[in-house]
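Please find the structures below.
Presented sequentially are two complexes of chain A, the first with chain B as partner and the second with chain C.
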Partner chain A sequence: MADKPVEELAHADLADGNNVQATTPSPVVGPSLSRRGPLQYTLVRHLGLAVLGGLALLLLTSSVSAYRDFQIANVGYYVVAVAGLTVLTGLNGQISLGHGALMMVGAYTAALLLQREDPLPVTLVLVLCVVTAAAVGALVGAAAARLRGPYLAGATLAFAVGLPGLTSHYSGRLGGDNGLSVSTGPPPESLGFDFPGERWQAWITLSAALITLLLLANLSTSRVGRTFRAVRDDEVSAELAGIHVARTQVLAFVVSAACAGLAGGLLAVVSGQATPGAFSVALSLSILAGAVLGGLGSLAGAVYGAVALVALPSFSSSTSDRFDLGTDVKSNLPLLVYGALLVVVMLAAPQGLQGGVRRLLGLFKGRTPSPVRNDSGTDVSVSTPER
Partner chain B sequence: MTRRTPNARLQVLAGLAALSLAAACGGGSGSGDGGDKGDGASANVPGITATTVTIGAHYPLTGPAAPGYSEIGPAAEAMYKYINENGGVNGRSIEFKYKDDGYNPANTVDVVKQLVLQDKVFAIVGGLGTPTHSKVTNYLNNQRVPDLFVASGARLWDQPDKHPYTTGWQPDYLIEGKILGKYVKDNFAGKKVGYLYQNDDFGKDGVEGLDSQLDAASVVDKQPYETSQLSQPTGIAPQLSALKAKGAEVVVTFTIPAATAVALLTNAKIGYKPQMVVTNVGSDPTTLTGLLGKFSKGAVGAQLLDGIISDSYLPLTSDAADPWISLFKKVHDKYIPNLPFDGNVEYGMAQAITFAQVLNGAGKNPTRQSLMESLEKGGFKGPGVTPLRFSKDSHAGFTGVRITKLDGKGGARFLQEAQVTTDEPSGAIENAPSDAQGKPGDDPFTK
Partner chain C sequence: MDRFLSVTISGLSGGMIYAAVALSLVLIWRATRVVNFAQGAMAMFTTYLAFTVLEHGGSYWVAFPIALLTGLVLGAFVERVLVRPVENGPPLNAVVVTLGVFIFLQGLAGLLFGGRFRSFPAPFSNKNYNLGNVSTVSPFEIFIVLSVALVAALLFALFQYTDVGLRMRAAAFSGEVARMLGVRVGRMLTLGWALAAVAGSLAGILVAPSVFLHPNNMDGVFVFGFTAAVIGGLDSPVGAIVGGLGLGVLLSYVASYAGGDLQTLSALAVLVFILMVKPNGLFSTTATRRV
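Coming up: the complex of A and B.
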């Protein structure tokens, strides 16, 4: 098969998201620094992309219906969660089936803070969601760094199954099965009296998503990102190169958990609630499905994955609504359509949607993108030293 | 070029996948535009056209909470179809859109926003569940969307000051607990009583009602259980063994049907034979017979139900002579013959009739405001054996229940007069007015 290894896609996409680096010579630190144009600075490039993306989203959210804005708001927090997981799994090689539970930590933090008589501003609340989830992530990550493969999957799964149980144990504070209601109030008055609340929520989650993507993109091109990849590819080699493997793994887990916490806080704000039922194992699995569907390790893929997580169920249920079927068939058909679409996408684009997009681009350019490999089969770009 | 062939096929497939995604977005927005065309004849009221009234609801149609509850939506829809065939309400037919939330509150928020913003429903009628629906009441009231007949016996829905557009329908669990408690006190005087209840608002409200009637000295034990226990091998055996050890001769349960079935099977296994008194929520004979057969792999069935005391606020589904039951059966056989004819189906149909009555009272050209005014005028008489309490100050539903006794053949009968009470623990329990129930045909659309 001429399929590209996940590693290479991961690297290329996380580096800049639009393949600029493929045409620019790899940056060399030192004397050449003074001769670089502003576009050759990663931060400037990423900032530029984020601003462009922000403008496009501003136009988009202002031109669609309120329900579309609500769906876009949902995409926003899924982007944050999926991007966080794709960094952990695609970049650092650790699997987590427990991200739904980390989102729950963020959601309950937001709910408890927003419930107070004199609630903190939403921005500050979201920052605190990040902090608490990162702290929980550090604990889980410390355990995770000792586990590999199926054992890691099992441990994080147990976390996802177990954590919602806390709510019935502390039902006085956390509201048991009924959970907590979250109210963030109407949009600021400066936006006008009739400004739709859904659009305001979309702006909140999209801003958070853009900031998250910007930070993760910079992280992955930085020295830290390279150590993540080095540990993923070969722990022994990484250790020989002076990288502290366990510390790197815990750090990756903390970064990922912080994203999940932010996503959870945003979910609480958008859907106005924090309940154990919303953070079932199914949520953890669907975030992972989103990451795989979009293309593991790719931030652009995380965006596609998040869009798919919102669009697929809605598409499949509106499709099954169109046919006059028995109730049993009709209510289960969306699940079937969803599953079938997942299978088709994975068959057609085993590297996820981002892999498919790159292949299509290659088709237009009249060439098939072929990975540069060295003899050991590892991606050269990953092992190219940039220090 | 030889490398190109396998890739070309993949590229086509990838393109198809991308197209299907594009279709996903495109298909969705298409239906969004469709919603805008709804208005027209009637002065711009969402969900109302010259010939239709569109309403919505959310139920668990899939997932662990679906068995039983998934029948309510189709049953209500069947009754609306029947009403439409009889000319509808004030010349308009009722379109009922119900969506699956899988009992996940995050999904509930999603589908309710979809119903309100995209499908532009006139009202939400019969949204099911406490953890689910409590997350959309603020939204619906902010949007001034009538939110009638929440399918839950929690007391949350009766707050006309805070939530003027939300109302309950079924009697709340406190009322039920009070009436069951009084029956036990009057008929099993001097016996030791034990409780088995679900450890949430449902169970706790029921226990509060029981405690308001029974002497604390006669209650020997109160055993809470978690729903998660039901899927474990030990089930709720520890709770029942404790009740047996304390010598409870009467066990009152606030249990969902699965828990009732597990409790009955456990009692049979440990040789414990108390008088069982079971909440309406967990005592539908058809559902229980099915569950008992399933859990015991066909070893036992309805015979374990013999002698159970329960209650109901609707006619009994096993009473074929009741005019409401024969109407429901007729509608069932015509539109939803594949579903069992049980308490869930009756619930959906009875709720649909109350909604049609409220809509009828909202006038020739109903608005959301006139619908709420019609509701607060009250005085609706339908299948219920106790009165509905709707008024300006009360958005609670049925005021009471009637005690029943189950037989060992999947049926039940009423034991005494229907009773009503308030949802204050201290409120008195009285006999219901004898004319509380209406007849099919009182309204033109149920003829």
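Coming up: the complex of A and C.
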């Protein structure tokens, strides 16, 4: 408590002074239930959005080139990973630098399962990726629930740095530095024999992304999502309100790890391989950069962040090709930009892109957005006393 | 048994390097309650600058102080310009900013110096002296131990016996009161970061001959330094050095008896174990901070 900035405390006092209904999302109960139209049900709204999004993406993927479809497929798994991290960090206040490593768990699960003589169907493989990563996430999360801020960041960083070492320790089984190759076979014949493989991959990752977003959106508006936020904002108060803090934190970590596992499995399917080099610390940090850029805690922000994670390397590569800057620039420019983005967004606009969008919408509706706190759990421009 | 002895000794000299990283993290944590995740990358970057000097024909004894001096400047810059605005905000924001610096410097190093591994020279021989038929310690290992010990001793003397040191301790202990007594708190915190970064740069240039120079070469070393700092409670310079030495010996056993690829995961195990069993570390004197 002692660490909270003064503005926030003042705000908390103000909120306490108001009547309670203004601060809690007023639950619609009793007679008013019968007056709700279908659109007032969260699930219906989210399902509708998902179906609309699905249709739009179907049109989009069918009208672009194979290379664009490949890029869209990449966006798909980044959405899953960034959305998972944004729920953990934005809604529950835990930071993880180990999501690249959790993606590696998913990718190697997929690679090992698809290597067998008669491979399982891709859907089942992806489900198993989710299960494995969730199990690993439960282990990490159980330790994480005891750790706070920088300690948690350090421990998950150690996880991210250390896990790729396993592939060379067990190089017989996991293929060492060269990794494992993953083949998922051609698209189903019912789609026609000249159906582009990239479009099929884009459909796989986009369906996964839509399902993930739908589930996470419902989770975040549900009772569980509210307990996540309560634990984020004040652990002691949450505990007093009857929330099991440690269990909530482990649950948030497991949900997030499951998303990372799915993203890893999808990455393996799209790239056709699982190599330790793909799951470096840089991957963990770029996922974090995506989440921060979009706005921590916002699922829409996760989508912008994921698009940026694909667009930026592609832009960097085409720019360095045009000016003939060589491979060093090509492969390192995105890292440089992610780093600069993390710093600049945190210093200038901690709510990320989605914060800007919200502010615009607020202007549009003639409403001033809440100046102190949004869903991100990060305070907006806390003024620094002069030293 | 002979092997055990030489593994222990090389663990101690490696541990001194982790101790230097841990020391820099502890100094920064004491001053500003921020863990500087960019410390490893900053050390990597200054080592690259030293390498550039060597490449252009400079001697090791020119490159060495250049690495430390650029570390000093870089540390001051990062605190004053990037970390200062988030220092009093939520802890998560400061963590994210240092992570941003971390990945920015890795990208910049890859962009300027290329991504291939380069060998970095050691100023003294790496060949172990033999005592009878037991191989013991190399001149370079002695140099590592002595230089880290010297820097640690200088820092200790600065903090304990000088006026500036007293001001720095006051600024870190209670900024508000120190400011009322006329201490330029902001300046002291910047100086604290700068000195800490010197310790980090020292670790970077000392570890480079054994892990080679590469934009990612400090990732593992940083994790070990962080673990060592946590063993010491993240708050105690003595704890950081003891933690570094202990961890160095332990990891040296892991590397030679189980496999070098498992070092980082072993450090993670130690880290989690310490945080579970004695979250304030073995040397911490301050009370638990409930956040």
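Keep this in mind: the second predicted complex is superposed on the first by the 306 of 387 C-alpha atoms of A that agree within 3 Å, B and C clash if a C-alpha of one lies under 4 Å from a C-alpha of the other, contacts with A are read in each partner's own complex, and residues count from 1 in each chain.
Please note the rule applied: a contact is a pair of C-beta atoms (placed from the backbone, for glycine too) under 8 Å apart; a residue touches a chain by one contact, two chains touch by 3 or more.
This structure is a prediction, so every number in the text was calculated from the model and none was measured.
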Message: Quick check on the superposed pair: does A:Gly277 touch chain B, chain C, both, or neither? Answer first, second, both or neither.
response: first
Query: When the two structures are overlaid on chain A, which partner does A:Leu240 contact: first (chain B), second (chain C), both, or neither?
result: neither
Message: Let me test your reading of the model: by the given contact rule, A:Ser168 touches which partner, first (chain B), second (chain C), both or neither?
response: both
Query: Counting only touches as set out at the top, which of chain B and chain C does A:Ala155 meet: first, second, both, neither?
result: second
- prompt: Of the partners chain B and chain C, which touch A:Pro334 in the superposed model: first, second, both, neither?
  reply: both
Message: Under the stated touch criterion, which partner chain does A:Leu353 make contact with: chain B (first), chain C (second), both, or neither?
response: first
Shared chain A contacts, counted only where both chain B and chain C touch the same residue: 1-2, 165, 168, 280, 331-332, 334-335, 341, 347
- prompt: For chain A, which residues count as touching chain B in their complex?
  reply: 1-2, 64-68, 70, 74, 165, 168, 171, 176-179, 181, 183, 198, 267, 271-273, 275, 277-278, 280, 307-308, 311-312, 314-315, 317-319, 326-327, 331-332, 334-335, 341, 344-345, 347-349, 353, 355-357, 359-360, 362-363, 368, 370
Field: chain C - residues contacting chain A, complex
entry: 34-35, 37, 82, 84-93, 95-97, 99-111, 114-115, 175, 179, 184-187, 189, 215-216, 219-220, 222-223, 226-227, 230, 259, 261-265, 267-268, 271-272, 275-276, 279, 290-291
Query: Which chain A residues qualify as touching chain C in the complex?
result: 1-3, 5, 89, 93, 95, 97, 143, 146-151, 153-155, 157-159, 161-163, 165-166, 168-169, 280-282, 285-286, 288-289, 292, 328-329, 331-343, 346-347, 350, 377-379, 382, 384-385, 387
- prompt: Which of the residues in chain B end up touching chain A in this complex?
  reply: 3-4, 6-8, 10-11, 13-18, 20-21, 23-25, 27-29, 31-32, 61-62, 66, 70, 73-74, 99-100, 103-106, 109-110, 113-114, 117-118, 130-132, 134-135, 138-139, 199-201, 226, 228, 336, 338-339
